[in-house]
Structure formats: C-alpha cells, structure tokens
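You will see two complexes here that share chain A, one where it goes with chain B and one where it goes with chain C.
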Partner chain A sequence: MLPSIMLFAVVFVAAIALFGWSCFKRFRLVALGRAENRCDNVGKRIWSMLLYPFTQLCTITWRYPFGFNHAVLFWCFIVLLIANAEFLLNGLFPAYISISYLPDGAYFTLAFIFDIVSIIALLAVLLAVIRRLAFPPANIVARSRDAFVILSLIAGLMIAFFGMHASHIAHGTERAAAYMPVSSLVAGWFSGVSAEGLVVSAGVFWWIHAIVLLSFLNYLPYSKHIHILTAIPSCFVRSLEKINSQTREEFKKGNVFGVGQVERFTWKDLLDSYSCTECGRCSDVCPATFTGKPLNPRLVIHDIKANLLKNGPLVASNREAVLPLIGGDVEGSISEEVIWECTTCGACVEVCPVFIEHFPKIIDMRRDLVEMHARFPEELLGFFENMEQRSNPWGIAPAERTKWAAEIDVKPFEAGKTEYLFFVGCAGAFDARNRRTTLALAKILDAAGVSWGILGKDELCCGDSLRRLGNEFVFERIVKENIKMFTERGVNKIISHCPHCYSTLKNDYDQYDVELEVIHHTELINNLIGEGKLNLDRAEDLGKMVFHDSCYLGRHNDIYEAPRKALVSAIGHAPTEMKRHHKIGFCCGAGGGRMWMKNRVGKRIDMARVEEALKEDPETICVCCPYCMTMFVDGLKDENADDRVQVLDLAEIVVRALK
Partner chain B sequence: MKAWRELYALLPRVIDFIPRATEGDGVDITRVLALVVVGKGACDAKNLPMLEELAKLLGGTIGCSRRVVESGLLPYTRQVGQTGRTVVPKLYIGVAVSGAVQHLVGMQGADKIIAINTDRQAPLVQIADYALIGDYLEIVPRLIKGLEERIKNFKGSKK
Partner chain C sequence: MYIVCCIKQVPDTTQVKIDPVTGTLVREGVPFIMNPFDTHALEESLRIKDRYGLLRVVAISMGPPDTEVTLRKTISLGADEAVLLSDRAFGGADTLATSIVLAEAIKRLAEQEEVALVLCGRQTIDGDTAQVGPGIATRLGYSQLTMVDRIEGIDLPARKVRVRRKLEGRHEIVEAPLPAMISVLREVNTPRYPTVPMRLMAEDTAVVLWDNKVLKLDEETIGLKGSATQVRRIFSPERAKGEILGDGIGNPEEAAHLLLDKLIERDIISL
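And now, the complex of A and B:
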C-alpha cells in the first residue's frame, strides 16, 4: 500500500497546486475591477449567504420547475462534500482517517446517507442529460460540451463510488454492508469475481474516483461550473437594495466616465461574469430577446467574461488590451446595437439565481458611449437637445406645461400652505392622452380633500430617461435644478402618476442632498380609499378588466398590490391577470429611454405585450404609467383592436367610480 | 508608366464611406419648404399620387408619420417625428395626421400648419393654424383644382 499512498500524495498535491494556480489566474482578474463596498450590513449578508443557496430558493420557482433537479443535486453535493473530503484524506492518511473508524452507530448512518445520496445524485444527473437531449430549454446552448463534460464527471464519480463499495461488499470487507442498499445491489453484479479480482476492482474504482474527483476540481475554473465556488459568495455580495438606481459620476476634469473597458467595471460586475451559470433565465424573461432583438442578457454577461479572460492578463501586466469591450461582432465584444436595446425593465435581475445585475452594466456602457464618445442612435440627438434646452423630451415651450389645467382650477404649490406637490411630469403635461390621466387624478385629489399644488410652467423633467440612457451629465444638471427649486419652494412631499418620475425622485434623487417623500398615485388612491376619504360606487360598464404591471412600479419599487386593491374598490372585483404578471410582468417597451428610440430590429415590444393582453379577451386594460399608456394605445391601434378594447389609467377608472 | 502614376495621384481618395447616404429615395425632407404629410388615415397606395401632386403644386414633397413607414408605404427617410426627422417647413399640411406629441415634436417649428382631418378633437387640429374638417379624399382634389387654377391665372396674367 505504501507506494500507492506516495503516488496518490504526489497526484493529490499536484492537483491541488494546479487547481490553486488556475483559481488564482482567474480570480486575480476580478481584482482588476474598480472598488465597490459590498460588505456593509454583514449580518444581513451572512443570512443571504445561508438562506438562498442552502434552501435553493433561487433555483426553485414555479416558472422553472426543473430547478428542483438542481436543488437535489446541490443538496447531494453538500453531503458528498463530506464524503469526498473523507475520501481524499483517507487516501493520504489511511491509518488515521476513515469513517469506518467511527463507532458503529455513526459509521452506519454516514454509510447509509452517502449511499442513498450517491444514487439520487446519479439519477439527477441522468435526468439532466435526458432533459438536455430531449427537451432542451430555449435561449441557451443546452447541448454544450461544457455541460456534458460536467455531467459525465459527476456520473463517473458516482459510478466509481458504487464500484468501489460494491467490490468491498462482495469481498466481505465492508462491515456497513447492510446499511448500503445500492452498493449491495451493485455488489450482486460482482458475484462471479474472485477475491483477488475484487481487490483489484476496488483499487481500480478507487483510482478512478480519485482521478475523476481531482480532474473535476481542476476542470472547474475553466468551466461555467466555477459557479460552485462563486455562487455562495455572490449571495453574500449581492445588492441588498432593489436595483432601481445607478451610481453617480464624479464630474471632474480628467475623469473617465462609464465603462468602455472591462477593467472599468467594479469587481462585483466582474465576479458576476464568473458566477453566471448560463441558465438562460434572464434571456427567457428579457423583452428584447423575446422580440428578436440582438440583446441577450446572458450573452452580455458571457461577453464580459470572455473579454476579461482575454484582456485581463494583458491589463494586469500593464499591456494594451486587444479585444474592445464595445463594438465588435465577436465573442467578448458587445455590439452597440445590443447596448441600446435594453429597456431597463429589470426582469433579468429578478430571475437570476446568483444575483447577477445585468442591466446596470448596460447602462454603464451607455455612459461610455454617450459621455466619452457621443455615440448614440441618431434619434436621441433631438431628445438630448430638447432636454438640455427646454427641459422636456419634446422640446415644447415650458409655458405649455399648464395647458392640461386650462379648464380647471389649479393652485400653485405654496410653501407651508400646500402639503403635496403634484409633480405632473412631462407626459402628463404635454401628451394629449396622458393629460386625461392628470385631470382624473386632479379630480380625485380634490374629491378627497388633499392639499395639493403644482409647479406650473417652472416644472422640469425628472430626468429619468437621461440617466437610463447614460447621459449622466445632463441628468445631474437637471437634478440639481430640480432640487434647488424644491428646496426654495419648500417641497417635501410629492405625488406622481408616472412610475418613472416616482422612481427617479424617490431613489435617484436620494443620492443628492435632499429629503423627499414620494408617493405614487396608485398608493395614494389606495390609501385614500382605505381612509374613507373617497366615496366610491362601483364603476360599471368597463367589462373584463386586465391589469398591466409597470416595471418601474412593480419590479423596481415593489408596488404590486396597491393598484390592484384600488381597482377592487373601484370595480368590485379583482382584475384578470395576464400570463406574465407581478414579478415577471412583461415590459411595455418604453423604459430605459427606448420611448425615444426607433424600433430597428425584430418585433415591437409593445406589440408583444398587447398580443399577450388580447389573449385574455379584455374590454378594458388598466395601466398606471404614461409610458405604458402610450404603448398600449399605439399597440392596440396597430392591432386594429382599439375599437373593442380601451386603455384606462387607474385614476380614470377611480374617477368613474366616484359618487 | 509615369503618366498612369500621375493620373492615379489625381484621382480622388476615399476618406470616408457613409452607407445609406441616399437611403430610401434620396429626398431630404428637412430641406423642403412645403411638406404634405401623410398620416395613418391617408395611408393608401391608391391615393398617394394625388397627395404627391398636391405637394408638387406647392413646390414641396411628401412626408409621413411613423405608422405609414411601419406599414411600408413610404421609406423611413420620409418620417416626421420623435424617432424620424425634425422638419421646419414654411408650410406643413397634415393629411389625416392625428398629431400625437411624438409627431408634433418633429414639426412644431413649421411656419404655417394646416390640418385636414375628420376628427375635430385630433391634437394636430387643436394646434393648427387652419383646419379643414372633412374627408381628405374630398378636400385634397378641391385643393389641387384650386391651386392649378391659381397657377394658370398667374401664368396667364400679363399685367
């Protein structure tokens, strides 16, 4: 046995050294990224790290039932971690370490557990192989070499395990045999083998197990399976807050803005690219991918990784990068058209099991294009100019902002006298259809006796689209002007009927020195109804009502129930849900500045959502956002359904229910 | 041999290649003084020649709204609006154009805006200098006839 231990010791040390070196080579590249603090609130982070991986909450969802197979494999893996650790140590120090040295009770229990867990793992692997061959999910490369190598290695490990123990059992040298049902079964197949043969087979299977295990370990850093090392830390460093904002830029001369090279990402971004398990759930829910756009979130993350692996070693040794991050049509380079297709809906972030933050990286790259190179789709030139010069996306004279109120009595916001600023927003002020929502909300506020006032023609755009398009420079200017105005006029509480204004004023403005209490009109209406300040009858003749979740209301700010509850009060019953609702609600297509952009490739996202809505055969569609309103109105017109389906904002529906 | 080299040196060098410079049909609607803009309500290949005739009589050309481009009737170079071109003609005639703000932003700088629409409440009608409420199929031929007579009389006048 002695030469065997020596041989194994050499193999073991070599394998571990190689593994360590591979890991070092890979992970030192992550250190190239910019600094970011992801170690605040350590208690909550440790809890995340224990909760999500070990309950496998992230992988098991109704939408992806096969996630359960992964959960099973994961739990088996954790148990077998102990078994394999014992295996390796036993190989090095057989005289000192073996579970067979434990008292019978403990030994038999462990032997039983390992036996059962190994067969479950093997079955899970088999199921995975069948799935990849027979019913592969779309959006990923299911039959990849990487996947089959890993699955084969795991299967090999299990088979070697059984071969090994079956040999011992057949040879009669396993005292836990009665507690190892599967291995005993396999031992039956060795019945014809001689005693010497069994010693050899046990040795052979032992070496197979050892080699496969150490090979697997060394294959890890070069495969997507590295996620077994990065996934749990990813849970620790995940974003504890919702991803509804982006970081500020520091506008100093000589600074570089945005991310034009891979090392400009933060280390967390780069770690994300390693953590990706290539599960494809992000692509599955992405509205751009769904409608045939070149944007595929999984490939964006993959390209970042490929770029880091290519350029990282060069950059680390102070040489020039060779693969541009933005622009190419090759792996590791993200084309500009991909970057502009994103609506920032956040579905990708919502479904990712390892907490990767996809779209903030896209916005970072947009910042590079806009702020460093002034490269953006031509139709945005007009938009940026209008924002800079007229503080609204359409370049309409600011004096027209009060046109919506021409026929009613509106008061200007007065410090100390008015409680709420009704931030009308650009769409609510200038867009004919959305003006009706503004009027409806004004009526509701008056009916409920809310103290409110407006800024009138002094109101400026909140700047949402600017920030999501990467034009942080103009965004910062507009924010500062707005904050100055709010402070001068004593504005603390703001009502908005646009989720984008709401989210921006609440989450983005928070990064500047201002205290604002922002409430969305759906929340306010729901509160007013609850407080009995609104007398509602049932709004009749709206027919079958379908509700659409706005991304900036739902996913970005967790407002799902308030509008639904308000609807129930207004129409007497809950609305019909579309197939994709709540957390996986499908975007209308206007977010992320896409409202101002031309649809170049593939189907229009709003058409896809309208088709989904029409499947429910609605008579009324309820929206809570002026972008969604515009998208649905346009989409229904193009589907020639605008004569039988109407789109109404929640405020308009509640007005109809007002006594 | 030397002559060829000298000739070669005289040939223009390509310093930049801009694809799609004459995309569509090469017409730049931002440089035209009169525009007849076709809206979804007039998006009909059959009636397009009539509208082109009107545009010609005015010394201008045809533009259109986004829906007309998406329907395939006219190329993207003719699109007026937020995601198309911004135009500032001296005369803008919107034929069956509703005038949602996404379109208005592309033509609000026009000197004179005339709207032809059956819908009195259409946003374009609200902001137009003059609005002709009715079916464009009846109105436009009369406009054409009237313009032709004016031109004839003007040419004929020998004062």
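And now, the complex of A and C:
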C-alpha cells in the first residue's frame, strides 16, 4: 500500500487549515489586549530570541537539573522539524522532494542524524514519563492528561519513524541502512515478515507517522504545549529591562484604571498566558506558595488564560463577559485573597524560562480593586489614610521625622552646601529599631567625609508600598510632591538605606522626567571602602553570620555583591549563605505592601525565612533593608531565637569596624 | 428626601502647637483634615442611602473658603451635593453661633426637599464639645439622638427611626419620629475609601456656596458677636517630663526588671 498522494494531500490541507484556524482563534484573543510597545531595540530582541531558546539557557539551571531533559527534547525537536518537514513534503511531492535524492554522503549523514536523534527523543520522552509517574515534582501537576497526551504523541511519532524505516531496511530498499543503527536494530525484529508484509507495514507506519504528526500539530493550540509556538516569540518580546517598576496611569475623567477584565491586560500579558507550560518553577520559588497561601503564580497565569479563552470570544464579538476575572472561585477567576498575598519579590519572574511577568499582572489587578472599587483588606484603610494625610505608613506626625537625630548634629539639605540628600525613609525615621541603622549610616557618612543633609520634617514617603498595593493615584500625588521638593531644593544625589526607597526613587521616579542619582548605602559603603575613605579595623567578633538578600536590592536591582564585599572588609570573611540566596533569595515577607497587612492564611513568610536562617546556626543575621530588619526581628522573637541570634544592618556592622 | 451630613474641617491636631506667647493655635503649615468623627457620620449617611434609596446625601460645612477641599472629599465618597456656609460674618463662632448657622442652612434645604435626617459626628477633635449636633436639633425642633453606635432601622413611610445609643455600661434602643438629628460614635462603621473615578468626578463638581446674603441671619446672632462663650486663653497643661527607659531593649524580662527598679526607686511600689 503506497501512500495515496491525493488522499494525503486532502488530509494534509485539511490538517493545516484546521491548525491555521485554531491558531487564528487563539491569537486573535491576544490581540484583544491593550497596546504595548515590545518592538524597540530589535537587535537586542533578536539576540535574546536566538540566545535563550537555542542555548536552552532558560531551562537549564543548577536548581532544575531536569531542565536538561527539556534541552535535549528541544534540540531533538529542532532537528526533527527538518526531518518532518521533509516527510510531509515528500508525501506531497514524492517525485521531487526526498533527502534520498541527495548524494550519498549528505543523505547518509542526515539519515544517521535523524536515526540517532529519534532514539534520543524517545528516551527523553521515556525519562519524562518515568519522572512524572515515579518522582512527581511537587510544584507541577505532574500527572496531567495534557502532558501524557503530548508525550505519547511524541513517542508515537518516534515509534512510527522507526517502524517505517525498519520496514524499508528489512525489505532491502533503504540504501542508508548501514547508517541507521536504531532502525536497523528494529528491522531485525521484522526478519520473519514477507516482502508484501513489509510493504504493508512501511505504508501503515507511514500513515501512522503522518496522522500522529498532523494530530500533534492540531493538538498544540489547544494544550499547554502551545508554548512551542509562543516561547521563542516570548523571548523576542520579553522585557529588556529589569521589571522593577510599574507603568503609569493617566488620571483623566472617563478612564478605567487597573485590570478588572481580561482584555484590560496588555497583549503581552495575554501572550504570557499562552507561553506558560506549567513548569511550576514560579510556584517553586514563590514565598506565598511556599508558606501555604492561596497564591500560586502558575495558577494566576493559568487562570488568566482560562478567562481569556472563556471571555475572549465574547468580548471579541462585543458581548458581555461571563466569567469575572477577579473574585470568583472557579477556574479562570482569581480570588481577591490571591491578589493580596503577593510580596512582589520577583522570584517568579526571575526563574521563568519564558520571561512571563507574573507579579506586574497582580499589581494591575490590585489597581482595579483599589482604584475602581476601593476594595482591599481592612487594615489597608488606615495605611492609605495615613499616607494621604501624613505621608507615612503609621500616621505619625511629620515633626517626628527628625527624632532619630536628636543627639547628633545633622545638617538640613541645602544645594551647594551639601552634596547628597540622605533620604532617611519612613522606617529609618520612625521605627525605633531602624533608627539605629539610620544613626549608624550617619556616622559612617561623617567618618568618610561625605557631605550630606536631610529634609527633616519635610521629607515625604517615597510611595513604594502605595504603588505595589495598586494605589497608583495617591502614589502619583506623592511622587509629584516629592519631585517638586527635590527640584525646588536642588536635590539630585540621594542616599537611601532602604531598598524600597532606593528602587522607587531610582526606577519609578524615572518615569516622571527627573534626573536623580540614587545610591543604596550598601553600594556607597562598598565604594567608600574601595576608595580608602573608610578606615576599618575588624569589627568585634559577631560570630557566625548569614546574609539575607533583600528582593528590592538583589533581584530588582542586581545589587548582590556590594554588601557582601563590604562585609568581607568589616568582618574579615565572607558571610555564610542560606540555602536560598542571590537570585532565588527568599523574601522576608514585607514587600509589595505586605509589611502593612496581616498574615491570614498559612505560615508567616518571615518565620519561614528565619527558620531557613537558623538552619545555618548563625549568631548574627545581616540585612540591608529596614523591612527585612523588622521581619527578622519579629520572626526571631516568635521562633524564640532572639536571645541567641541578633539582626544587624550592614551599616551597623561597618560602624563597629570603624577605627 | 435629604440626609444632611454636617462636616467640619479641622486641623490635624497631632500637628497643632500652641503659641506660648499669644496663647493661640499655630495653624501655619498644619494640614487640615475632615473631622474623624464626621467621616463616620458621612459613611453612615451613605449607607442609609444605599440601604433605603430615594435619599440624597448633602454634606454641609461652615468654615473658611478652603473648606471646599474637605467638602469635595465628601463628594468623592458619594455625597450627592455639598454646601459650604462661608462668610466673614460667620467667623469666630462658638457652638451656639455655629448651630444657629447650620440650623438655618438645614431649614433652607428643607424648603427645597424634605429633610429626613441630620447626621453629625459625636464631636470634633479640635473643639471637643459635642454640642453642635444637639444645638442644631434643638433649634430645628428635630428628635435628638446622640451617642449612636448603630442605626437599627428607618421606617420612612411611618417617619420613624430606631437607633442604639451607647451609654455607660449599657445600650439603649430608642425610637424617635423623623426628622431626627443623629450624632454617631466611631464604632458605628468603618468609613469607605474613595475610588479614583469618584475622586476625578469630585474635582469637577461644584460646591454650592451660601453666605449670609443667602441665609440672611441677624449678624448679632452669628459669628463672634453671636457667641455666648469666648476663648480667653489656650495652654498646654504642665506635665511632668517623661523618660524613656531602655530604648530598644528586646528582652521583655530585662525590660520588666528595669521598669520595676525604677518604680521601686521612685517609691511608687515597694517590695
């Protein structure tokens, strides 16, 4: 039975048409999203589109060794893409297209490669099946039907490939037989089959191969494996910058704020939902998921996709959406509890192999809740009112901002007379424990001869928590007031010892046409040590020390080494690392406005992090952020470890080493 | 029907200082806020409207022209109208003169549309008298329901309201005919937060200004002239200077010992 060309042509055209229609239906929905420019800097984008997928740098990491299996499958897929294209074209135009028409050398090489790659792919699939069955990873739905369907289709494709070639080899009609070791091995099993039988089996395997291949193609758009189509474009449209700020909103009457319906997301957000392969790495690193809270970033992306598939076609034809994006407890709807659990630590974005931007979507949905509906956990009411009335989270009278400096001589900032503005920050000014960091830093600055001043009672909050909590309206008001003050007083160089102030002034204020040179105290101290401006002895022995990465310093601003280097200078050796550090450092639990919220479900994140620190048996925990400070102090107390472990800010350690 | 909500703009008292020389409040640079008790009165007005419909909430305030900012806030929270009572002649008023102006304004409103309820905060945080609400009720002849921590129900057709009053050690449920003046405690509700579209809308909404040309009150009965009381002097009572013990001590036991030692040393307690 030779493949009937006409029959195959009909099947082929139908399958391609169906695939095209499916893709159109899916991607038309992406186009419902709001506009966003992701096509600037084309050179860099093309480079990242080539770099990340083709090196598989995105999937292979030490943390996820099984990513190597994905890399193997990816490469097999690329090679077999050529093999299968040839297969399909040969089926349509057997007289014109076939690799067997190539000269021997080229043909034998290709035949060898396809044979070997096919067996590697089959083994990789087998490994994936075994892993899912025997060692299912906790962070994914390991035994999903979707996964097994896809793995079976790939395996089927490989088996058909070998069956077809083995039949030809057994029949003696394959001139590359000597270069196809696996097919030849399989051919051995066909030794008893008659010549007619082999012709039939070759035909049957050919059709199986064709049907499986076209089925695979048509299954893709309807499964999570649509990522095969979107992952590489995702690398092209990825954010080229660190995602450490949110987009501005235009506060004009008649506008809608935040994302309350799926089509309010940008097209990139919607594409993200298609790119997710449910690998679960985001859930694996998410502090909320880890501590048993309802938020699981993978499911947020999944629900956005489910919502788009349900509501998108309705919206596209101007009908009412039927499934609420926020508030429902069914698939495709994200509960308010989930939205409020995020600490915006950014670990999800950091580990995502296809550059999905999870937490910005959560902030967009917070904007909808806060700005359109004024709906948020009750404790935030006081926080928002305090911010509006007194520009600090606690609602303390602004006059108390200078209380920390009661016993030292501090100059007010004056352009020309002082170089840097020391932006003390709300925690640094009002919180008793963090005031000690402020004092330590003031001493260090003086010791190094840095010229600095403060705004005193006129200093306002930077607005970090407001923005992360989705209260963009009040955030913008505070930003504008701050910028007005900076401009009037000639501030352009700012020192901050809070990563939240630092990141906000540096990255968020940047959207408001203001030139600010913002430096975090860890960087500044490290620079001053490097320049020989700080005369350091060894600090008194603080015992074994672990270092905690602040999310808004490390992940959001890539400052990992400055504090560590400064520590080496101050204590003579590198600090001990916790199990999770640097890029996958675990959040203290206070970011994203969670500092001002109650822990309602699951374990407290700060306690989880303190437990991790205690595993290293430290005597001192070094932090570089006032929020982390508060979280560790509280966590240590509740773990009954505050009598044997102390928390110190880097500045407090360095000040002890000053000669 | 109207629910009239009386609002006062007050200085943020945590930031107010007294000028020791003149004995007056230093108001310069001190931000103004909506009297916190009034935010609860406004919230309750809005809830009544949400619950019973057919009612319009009108916020009124007597004060200098910049009180408009606070009245605009009431609109962003959901008030339907805002009326500012502002005139030099109203200035310097005590609670008597204030209640005369507010009562007259409410009378004018009642000429436009029936007034069912007047809601006030229990007291203001700057004057702390809790007299203006009752003063309005008295002058208008409305039922007077003070110290209310829950509105049990309103029967509009029967023109009746039933409230719970919080008294010392007990609650009292009172029913009274409408129109009534209700002054609320902070426990009555949790105020809402304005949405952005409402804030933007409020920015464009006009606050109605009524001066004494509108109210036509006898100038002898209002403002400083109409006030029965006058402030002679404002001062902070002398207070023994406090002391912070062991700032930053983390260990509760150590802190407790420190405190005990101090109390024993000062003969406040003895072993």
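Quick notes on this structure:
Just so we're on the same page, the second predicted complex is superposed on the first by the 656 of 659 C-alpha atoms of A that agree within 3 Å, B and C clash if a C-alpha of one lies under 4 Å from a C-alpha of the other, contacts with A are read in each partner's own complex, and residues count from 1 in each chain.
The rule we apply is simple: a residue touches a chain if its C-beta (ideal position, glycine included) is under 8 Å from a C-beta of that chain, and two chains touch if they have at least 3 such contacts.
What you are looking at is a predicted structure, and each value in this text was computed from that prediction instead of being measured.
Clashing of chain B with chain C is the outcome of superposition onto chain A. Within the superposed three-chain arrangement, the count of touched residues of chain A is higher for C, of the candidates chain B and chain C.
Using the contact criterion defined above for the overlaid structures, shared-chain residue A:F384 touches chain C, although it does not reach chain B. Of the two partner chains placed by the overlay, only chain C lies in contact with A:A399; chain B stays clear of it. Once the two complexes are laid over each other on the shared chain, residue contacts for A:D638 go to chain B alone; chain C is not touched.
In the superposition on chain A, A:A432 makes contact with both chain B and chain C.
The superposed model built on chain A shows that, among 99-107, 153-161 or 243-251, the segment of chain C colliding with chain B is 243-251.
The intersection of chain A residues touching chain B with those touching chain C, taken from the two complexes, comprises 396, 432-433, 637. Against chain B, in their complex, chain A makes its touches with residues 379, 382-383, 386, 393-396, 430-433, 596-598, 630, 637-638.
On the side of chain A, the complex with chain C involves touching residues 251-253, 257, 370-374, 376, 378, 381, 384-385, 389-390, 396-399, 432-433, 436, 473, 633, 637, 642-643. Chain C contributes residues 12, 14-15, 31, 33, 190-197, 199-201, 204, 247-248, 250-251 to its touches with chain A in the complex. Of all residues in chain B, those touching chain A in their complex are 40, 67, 70, 76, 82-84, 86, 100-102, 104-105, 108, 123.
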